[in-house]
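Here the structure comes first, spelled out in structure tokens, and everything after it is commentary.
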Amino acid sequence: MAKKKLNVGLIGYLFMGKAHSNGWRQASRFFDLKRDICMHTICGRNSTAVEKSRKQYGWDHMETDWRKVVANPEIDIIDINTPNDSHAEIAIAAAKAGKHILCEKPLAMNVKQCRQMLQAVKKSKVTHMICHNYRRIPAIAQAKKMIKEGVLGEIRHYHARYSQSWLVDPKAPRLWRMQKQYAGSGAHGDINAHIIDLARFLVGEFDEVSGQMHTFIKQRPLPDNPKKMGRVSVDDAAQFIGRFKNGALANLEATRFATGRKNHIHIEINGAKGSLEFNLEDMNRLKYFDNSVPLDRQGFSDIIVTQQNGVHPYVGQWWPPGHIIGYEHTFVHTIADFINAVAEGKSVQPTFEDGLKNQQVLESVEKSANTRRWVKV
Amino acid sequence: MAKKKLNVGLIGYLFMGKAHSNGWRQASRFFDLKRDICMHTICGRNSTAVEKSRKQYGWDHMETDWRKVVANPEIDIIDINTPNDSHAEIAIAAAKAGKHILCEKPLAMNVKQCRQMLQAVKKSKVTHMICHNYRRIPAIAQAKKMIKEGVLGEIRHYHARYSQSWLVDPKAPRLWRMQKQYAGSGAHGDINAHIIDLARFLVGEFDEVSGQMHTFIKQRPLPDNPKKMGRVSVDDAAQFIGRFKNGALANLEATRFATGRKNHIHIEINGAKGSLEFNLEDMNRLKYFDNSVPLDRQGFSDIIVTQQNGVHPYVGQWWPPGHIIGYEHTFVHTIADFINAVAEGKSVQPTFEDGLKNQQVLESVEKSANTRRWVKV
Amino acid sequence: MAKKKLNVGLIGYLFMGKAHSNGWRQASRFFDLKRDICMHTICGRNSTAVEKSRKQYGWDHMETDWRKVVANPEIDIIDINTPNDSHAEIAIAAAKAGKHILCEKPLAMNVKQCRQMLQAVKKSKVTHMICHNYRRIPAIAQAKKMIKEGVLGEIRHYHARYSQSWLVDPKAPRLWRMQKQYAGSGAHGDINAHIIDLARFLVGEFDEVSGQMHTFIKQRPLPDNPKKMGRVSVDDAAQFIGRFKNGALANLEATRFATGRKNHIHIEINGAKGSLEFNLEDMNRLKYFDNSVPLDRQGFSDIIVTQQNGVHPYVGQWWPPGHIIGYEHTFVHTIADFINAVAEGKSVQPTFEDGLKNQQVLESVEKSANTRRWVKV
Amino acid sequence: MAKKKLNVGLIGYLFMGKAHSNGWRQASRFFDLKRDICMHTICGRNSTAVEKSRKQYGWDHMETDWRKVVANPEIDIIDINTPNDSHAEIAIAAAKAGKHILCEKPLAMNVKQCRQMLQAVKKSKVTHMICHNYRRIPAIAQAKKMIKEGVLGEIRHYHARYSQSWLVDPKAPRLWRMQKQYAGSGAHGDINAHIIDLARFLVGEFDEVSGQMHTFIKQRPLPDNPKKMGRVSVDDAAQFIGRFKNGALANLEATRFATGRKNHIHIEINGAKGSLEFNLEDMNRLKYFDNSVPLDRQGFSDIIVTQQNGVHPYVGQWWPPGHIIGYEHTFVHTIADFINAVAEGKSVQPTFEDGLKNQQVLESVEKSANTRRWVKV
């Protein structure tokens, strides 16, 4: 029997728009959803480009004014994929219109905006989710399951580095991502936010932090006129040490200047009974060291997280063991869980509250970098 | 402007049916195709199961008699995903009906059938392709490009092992894949066929071979009645050494008894100027050793094959560098190239002739195993 | 022709005594030294144990009072391998006696002692060296060579973690290494000192730091009486972020609580033109990413640093390419260079001045941890 | 108390002479031997070169005629490190003189010689050992222990490749190792012999084989006169498939033409309950897959084989966990076990009988390559 469809309005059509479109298209093909999905409207300011994306990604309608999408009574869900400075306004409007909301990270430009957004969704009682898609990498979901079962024991260390290299070239143009007024921050909000989220997901809440942020290249050619230079007003790299409320030590670093690293996250978590290691560029694997194995056979086990349902999370919906999945599957998993939560009127992690807490950590690090002191989160 | 759609009829709806359905659905979303695709009809013998798959995978119609699909004048393309023993009959009928054909590997049960199929498609002048999807793993396509450019120099060794473990458990049931009359052979035709195809793609034609095939567990429980045992009439493992026409040495092994290996292909190719190494379980990577680098810096380079168009093949259509893709993408690439070939009335590798040549190698190894002598391919 | 031998007196006979003894024994067997070595006297307080070590390691004489060794006019070289709190006294006495000195790290308990030691050796004009043996791992020496040649360009990041796990077990006894009065500090002086030294060797001088130090388990059983507990007065883990004078960012962490890590150092150095990666547990390898390679072939090269003389440093004295060496070889290399420097009356890095500078970084981090502020080095 | 020393005479002073000298020098420094060792005499035909080696490696005497060493009543042990064609003559003479014998591999030029040597040592009742040093890599000894304990269950596959690259360059000179009259065979006897030995050690006896041997470059410059070319009369690569008596399948390949591989052995052993993987270039590690681990945590464990005595074999005599050892340590382990066997009048594996059985496999493969048929070992 046909389930009543949920109509989705997607705001934003670039990199994240492409990834989310794929998520909406594929979710029902691989997961048993409680409601069917209708890819109703895609929205962006450039009508030619949006129409092209509409056809390419398979949306029914296009729109150039996000307010009309939010106002459209047919639409059930608003999916926000725009630059960071517009998240708050769109989300608050969507909440007021009673739409369920999926919003790209970082949730907003600052803690204040995040609070307003959280207030709005709570008031409207809509389902709200921030798209920290890496939580639903099967290997990360498996790590979460293992930690929850206590296999690591008391956690002592969370050591993570998110390293990219796309700004190593001084000729790389100054995009919106390098301007404070649109992006809020640089590597910090863009990619540190991811490993902060994974830290909160896997280890717990941060207690205090000491960090620094740095801009290696302070002027870059403008995209439209490469002969003219524009100021880079965000960080190229941000690093901090800290402490979790449960006593574990934290060490996080994000950089766009790690030559050779494309989209590399290395995480190591050390507990009293075991350790976990993860690398995003080998995202189908999770390495696990178990202190309880006979000593002559102990070593980090290289788990290929591709087993069937009931064994490994999410991945069994795709292919048989050993057949790996890729980056975009994490959005499909996120959207599948989101749809089921909407269908049942339930909450689904990570919520806007997670987005707020993430922003609090981000801001604490920024404050620490500015004041050159430790800051309580 | 809308391009006239090509209507596809898919025969078979299980593992390969799911993978191919995804390919037909996704191809136009990520690749600029010369013709649009209509997922017209999915076909299988069990009407309930096929109808379920139709809905799940997004086909317009369903059918339980493949002959009707082949006879349907609306259908342009027949995609064959059935057990191996029916490939020849369906393909020959489809060719006679003037349909373009994509056929799963192995092409057929024996060389004789392959020849008849090749004859049929040649006579009908339809586009024909065997789905050796691993050729379109970006790392493999990149390897091909490099070899073609001569970066390896004269090739001396092709050393490959395809190892799985799904039959290690003696309680694993006897499926059609373990019966000679349906499958033709076991690990040999199922997975040796893949590394034989990659050998032919990357190195060249085989000259002669000496091999052995072995069945470790000769009786297995029947799937419907696990208390009753049925005979396993195919090989659990097949291995052969040989020689290519260009003088390189070959060493290939396929097994379903490699405990711990899920879907593992390890390939090493050694040439006079360089070497390549590939592992399917890390399929976004290609390792390359270059003899011309200064000696103190020589080492196998771990290339993450995820760069933009014009740099790495296929993968730039998906996501930015460092964002990996998975198993099913290889079917999308295959189908994208197939559609463009059909649109332009061109041939596209690997053709049924490649399927025939693959079968000739498979049969030569079987003959060698039976006669315990070297056999000319 | 026989060269006049240099007589060595070794103070300390435990772990480091064993490693240094091996270095003195092997150096002339694999390296062309400018002077021969005589393993003259080994010294320690427990006469039975020292005599056992004398025989086991091949020293001519034994002694229980280090003052007698230092006073012995036959002795040319004093090699200090005692607990950290006695380094200064022994070294200063040895310098006054005109002995050349090799001293284990950390140089002393604090900056003040280091200064006194440096003053003493400078006044006596003896050759002085601190045994930071990891500088002479061939892969590290190769890294140094490459950085010096400019292959990395401007360096942006030094990211290092030294992780061990020997204190994870709360029943591990409280040794001298866990007592401030003997060891000075814990993981910090013991193993952070190593990656600080490598940072100074490979990247440059530190400018300022912000760090924290932490003791996870504050009481441990006494070695002689496991029923009684003793206080752990040093850090189990120490981590800091910082800045080099050349503008690069630093991130260093040392811990004895990384379950599964035995003696693991992971270092990544990112420069404008390339990157290097090193892991002590794979110490024969150096990974190198070169931005100037054609984009489709870029990747971290896994260099096995085992080539002949003139290609890779040190290692060609041992075995043919591909035949790896181990931990103790780094002491042989250190001692070979030290002997040649003594023979020629030259200085040899790392000197006591390096030991002093290392101590300044260590103390700055401690001060930062105590004051919770950034500290200039 | 001083133990009576065993006097050693070493015949041969080149690569193996250097490695064995180090073994004799180091064994008593790290292992508790039942007898002390005296490095009595080193022997070779070129007196200047031998005298240089004598001093360099620390032997008491030198000699240019091996017969005199064998005849010397002071000598207890003869260690044979000469080219393969002289092993038999020297060993038989040494046996007749009542010397205990350690002999480099391959034992001799052919099965006939091996039989004569075995007969000679049996008749004289001396201790005899063939130096297959890789058996005493701690990771291999650990693998043996695990297999013996049954952790792999019934073994199905032994898949091994020994790959080097030192002959890739056509200008590499024609040494004795490339001439049949001195070397017997090429890659086959030199390096296939090693992985045959490990197969026999870890899996069992071979039943039958089918192989091929190939010479890629048939003429090479003479070492003394590079303008003149000499014929290469041995194989550059040798590969074979086969069957063990216990039913496991074998796949072995040895080549000197694997560009990029210096001294690479990759071995994978698959059993019903688990698998092992080993790579000589990472010789301190053993990878182990255990079928009995909960399915969501299964993966190949990367065991760093460096734990203390009672946990891992041999390696605890050296350094603490995580401190790796290198190539030459395997000779130290071999010699330590040999000395203890001599001291106790016991046998020690691998004996000359192992050398004979190894030669039988080598010859069976050669016969198979010549007759192009399967050959019973």
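Letters A, B, C and D name the chains as they come in the text, with residue numbers starting at 1 for each one.
Here is the rule we use: a contact is a pair of C-beta atoms (placed from the backbone, for glycine too) under 8 Å apart; a residue touches a chain by one contact, two chains touch by 3 or more.
For clarity, every value in this text was computed on a predicted model and none was experimentally measured.
**Q** Count the C-beta pairs in contact for C-D and for B-D, then report the pair with the higher count.
**A** Between the chain pairs C-D and B-D, B-D carries more contacts.
**Q** Please indicate which chain is farthest from subunit B, where distance is taken between mean Cα coordinates of the chains.
**A** The chain farthest from subunit B, judged by C-alpha centres, is C.
**Q** Using the average of all C-alpha atoms in each chain as its centre, how far is it in Å between subunit B and subunit D?
**A** Roughly 41 Å, centre to centre.
**Q** I'd like to verify one number: the distance from the centre of subunit C to the centre of subunit D, where each centre is the average of its C-alpha atoms, in whole angstrom.
**A** Chain centres of subunit C and subunit D, defined by C-alpha means, are spaced 35 Å apart.
**Q** Using the touch rule from the top of the page, what residues of subunit C touch 2 or more other chains?
**A** Residue numbers touching two or more other chains: 261, 298-300, 304.
**Q** Which residues of subunit B touch subunit D in their complex?
**A** Per the stated touch rule, the residues are 156-157, 159, 161, 163, 165, 168, 210-212, 214, 216, 237, 239-241, 243, 247, 249, 251, 253, 255, 257-261, 268, 270-275, 289, 291, 298-300, 372-374.
**Q** What part of subunit A is in contact with subunit B in the complex they form?
**A** My answer: residues 15, 19, 21-22, 25-26, 29, 56-58, 164, 166, 261-264, 280-284, 304, 306, 318-329.
**Q** Within the complex, which stretch of subunit C touches subunit B?
**A** Per the touch definition, subunit C meets subunit B at residues 142, 145-146, 285, 287-288, 290, 293, 295-304, 307, 311-312.
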